[in-house]
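There are two complexes below, and they share subunit A, which is joined by subunit B in the first and by subunit C in the second.
Right after this comes the complex of A and B.
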């Protein structure tokens, strides 16, 4: 009964995984009759390619940005929702709703919001007497714009992950702390966080993996520009493998992405066991 | 007690501001969809449109074959989710209720399935599907997603909560495995099945990357691909952002409706995954 699923994995996951690793040692543009073997030259090519290096570092920066902004924000919202205020369900729905919207659609709205001359954000900045910012056109700020969309899109998702954990923290434990005179912050740090450590860990890993797959908003908002300032690893893959049909380097870049994701998953499994406090 | 009240007030205040900020892009989408292009690019800040142009929706709908795009999206994603329900239920049943060797290995294979994103394997999958002449067909949109590791995980968790005695008793009575799955296990796992259906439908409805690669004719576009092309199509006619946003609005409506109707399933889906770690 497991057969249909295993067949699927074999054909659409494991097979392509092996094939992409093999392709990464060839040079091929699909037009030439047969691929030419080039050994590890594709990897050397990537190493020397400034576009590829920039794409990897952009992906890393996005991952760090998501880690720094969206995770603490999500946790903060979860703590607020867990105060069991009136209307919590409404707050929760609104904050989570951005997650179900297609990134393509939100990317387009943000393009309008971030328009240099007429966008809402710059208009608001002007009201405060600030200079308008060329959100999508300057290589300095464009990555921030991409990050802004990601944070808006995903913060509600992380919030739910944290909230699921917070609701499992035994009330008796928190009461015990209060009786012992523990301050709010100390309770949060020494009791609540360890209790929800599986959720924290899960959120971190999901956040990093999601960041490395950033594509949709880059595709509609900046097309990787200006000057590759917003090209991510996934965008590089798309551009190289699909638009330029330069299969060898694209396959090698796929392998790099896979190795990064494998490392992250390995981290999740091995460190997760050590850091995560299971019993309480 | 005074302090508790202050704290609760502050909580409300912060959450309201956060919700407000969160809704601005949605409001802006709606507001621009019913504005004239002049209002969108007027020299002064127009938070409300000066005139409501409801005809924008009809115009955007006619600008491109959106009926076909919606059909493509719904048909292909319904097929994807249906296949995922079948393969996931079978796999989860076998993992929970059937004894055999190599279960660890099977589980490991599942983890790999969960970890490998489409973006890393699209080249071989494209080659494979073009060899069998499926590129630019529904087959190309559906086949790479007929299995879902997330689905197997979710259903495995739900099935584990069902008492094994029920299954054993049915076996003693001579029921075959498919009958047990259909008549005993699935009826007891309805919330998880609904969660899987809703979450994965929305996920695939929103996906841009693979449909962008797997289809190349206008008639095969799904909604996200259509949106991503709308801008370049219109560029010649001076970027009609109001129509663009109108298209955005009706593209977003189906997923928002699904979310509003089934939101507790969404919440459950996220929670059950994360609490397992």
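Right after this comes the complex of A and C.
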């Protein structure tokens, strides 16, 4: 029964993985009949490339930003929605809807909203007598703009993950804590959070991996610019491989990405064992 | 992620085609696979597959003309398929790379002029030099001067000009008149002076004298017309960071710093510039002649505007980079197919089709005979902006024929953004980019 799946994985995952690793030791434009074997020189090239280093640090910053902003925000909304207030269904749909919109589409909409000269956001700022911001055109702000759109895009998704957890927290535990005189904050910290720790763990893993795969927003909104200020690891390898047709360093960059993600997952798995409560 | 990425790439390419001024797009014929030639003895037509990368109305124009060809040539059946943007690194080019790698390419394809060396140096394009020399209508001398600049590699021809354009100078005649300027600037000294004179107002109603397009294509003009070169003659090192390559860039950057020019950033910078010009927000800019149609319809007779030859810099010879795409036959396809493909290309570039194509799309005619046609002459009378592009043709200088050129322009694009979006100094930034390019070229070899 598992054979078709294995074949699929072998052909579309394992095969390309090995091929990418092999490609990363060549210098090649995909067309020339004689790829040049360069050993690990592509990795040395990446190490010395300021653009690559910038892309890695941008990816890291995005991951940290997503961790710091979108997870707490998602949790906050989930707690609000779990209060069984009126209209939660509508709010839930609204909050989740941003996640359903393809990133390319929302990226385009934000590109218009964030336009320096005619964008809605700057018009609003002007109404308040503030200086317009060059959201996508300045290397200072462009990465923040990408982060902002990513947070907007994913917050509903994390909210849903947290909400699913919150709705499974046994009422009896919460009541017990309350009866014992625990404050709201204590209840949240000592009962609710441990109960939803598998959800939190899942959200963190997904959040970090997703952040490192940030591509669509960058492709649509900034094209990696200005001056590489928003180039991420995935955008770098796309740009290097398919726009510059320089497949060796691009393949090497994918291997680096793979290693980073594998390390992150490993770290989380081993750390996760210490605080994730699977049974309650 | 991979699927998402591919979806986004194709959506992005589709959207950019739409944004480039087009409506709904394109008939797609599935299974455009080359089925080889006909069985000998049967009278089935030879099928020629043709990949192109311009969407919307332009795509419809191609389909119409292909249908016309198929009607008039019963022995040949051309199947033209839109494959996403043909731009360097666009979807069509990515698919072509993949198809060539997989050994199943189309018979002919549209290729962006700067990507021609990549494909021809790898031996993927058929050498059509002898076909051209024997042709009744496509001899090298039949083409407008400069038109074949991008189709040659090491003395051989690998393609015919297809949808070609050049950058030209656009100016708002109404703003010129109210500033008391009678004619468009012929030099950068004049342009700088005019830009200062044209700039007025403040806040959202400020009118800027000039807007540089933060793009590597006009940058080629800026380097080559300042008296510099882009790469060394062996193509192995960058020369665009040297002082003689930076004159025009420097002049543009100064205008931006003094508030007499504005720039657009973000991924839609090009469309935004067109819109700025069409709304009278800037008085002068440098844009493709291919944008003339879009500009005309956006302005919609609200004010008078015109085009002029690109200004020169301190007496240096004007150098105009070709833009757009060429059409090429893939190497190694069966003889019969190649013959049929060549028949199609000859037909496409013959004056009747050449004229229709350029009058319908705003791309440039390729043949001298086309320009001499009565129909084209009367088109020029009612659309004088194209005359300027035609008179620029003889100044065409192709970018370096390096297979690694796509790397160069991607690096340069980031440098231009540093200069214009972030206000970094021209000289040190371009020197730094040149260093980056050197680093890239050396490790790439060929």
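Everything below uses one rule, namely that the second predicted complex is superposed on the first by the 279 of 280 C-alpha atoms of A that agree within 3 Å, B and C clash if a C-alpha of one lies under 4 Å from a C-alpha of the other, contacts with A are read in each partner's own complex, and residues count from 1 in each chain.
Basically, a contact is a pair of C-beta atoms (placed from the backbone, for glycine too) under 8 Å apart; a residue touches a chain by one contact, two chains touch by 3 or more.
Please read all numbers here as calculations on a predicted model, not as lab measurements.
Engineer: Between subunit B (first) and subunit C (second), which does A:23 come into contact with in this model arrangement: first, second, both, or neither?
Structural biologist: In the superposed model, A:23 contacts subunit B only, not subunit C.
Engineer: Tell me the contact category for A:215 with respect to subunit B and subunit C: first, second, both or neither.
Structural biologist: In the superposition, A:215 contacts both subunit B and subunit C.
Engineer: In the superposed arrangement, which partner chain does A:244 touch: subunit B (first), subunit C (second), both, or neither?
Structural biologist: In the superposed model, A:244 contacts subunit C only, not subunit B.
Engineer: Is A:36 contacted by the first partner subunit B, the second partner subunit C, both or neither?
Structural biologist: Second partner only, subunit C.
Engineer: Count the residues of subunit A touched by subunit B and by subunit C, then name the partner with the higher count.
Structural biologist: Counting residues of subunit A touched by each partner, the higher count goes to B.
Engineer: Is A:144 touching the first partner subunit B, the second partner subunit C, both, or neither of them?
Structural biologist: In the superposition, A:144 contacts neither subunit B nor subunit C.
Engineer: Thinking of the overlay built on chain A, is A:168 touched by subunit B (first), by subunit C (second), by both, or by neither?
Structural biologist: A:168 contacts subunit B only, not subunit C.
Engineer: Pick one for A:69: touches subunit B only (first), subunit C only (second), both, or neither.
Structural biologist: Once the two structures are laid over each other on A, A:69 reaches no partner at all.
Engineer: Of all the subunit A residues, which ones make contact with subunit B and with subunit C?
Structural biologist: Looking at subunit A, the two contact sets intersect at 102-104, 108, 117, 213, 215-216, 219-220, 234, 238, 242.
Engineer: Per the contact definition, I'd like the list of subunit C residues that touch subunit A in the complex.
Structural biologist: Touching subunit A: residues 1, 4-5, 7-9, 11-12, 15, 88-89, 94, 97, 100-101, 118-119, 121-124, 204, 262-268, 272, 276, 281, 403-404, 406-407, 410, 413-415, 417-418, 421-422, 424, 436, 439-440, 443-446 of subunit C.
Engineer: Can you list the residues on subunit A that touch subunit B in the complex?
Structural biologist: 1-6, 8-9, 11-17, 19-20, 23, 77, 80-81, 83, 85, 87, 91-98, 100-106, 108-110, 112-113, 117-118, 120, 123-124, 127, 152, 156-157, 160-161, 163-165, 168, 198-199, 201-203, 209, 213, 215-216, 219-220, 234, 237-238, 241-242, 247, 250-251, 254-255, 257-258, 261-262, 265, 272, 276
Engineer: In the complex formed with subunit A, which residues of subunit B make contact?
Structural biologist: Contact set of subunit B toward subunit A: 7-8, 11-12, 14-16, 18-19, 22-26, 28-29, 32, 40-43, 45, 86-88, 90-91, 93-95, 98, 106, 109-113, 115-117, 119-128, 143-144, 146-147, 152, 177, 181, 202, 205-206, 208-209, 212-213, 223-224, 227-228, 231, 241, 244-245, 248, 251-252, 255-256, 258-260, 263, 266-267, 270-271, 273-277.
Engineer: Which subunit A residues qualify as touching subunit C in the complex?
Structural biologist: Residue positions touching the partner: 27, 29-33, 36, 38, 41-42, 45, 48-51, 102-104, 108, 111, 114-117, 126, 134, 136-139, 213, 215-216, 219-228, 234, 238-239, 242-246, 249.
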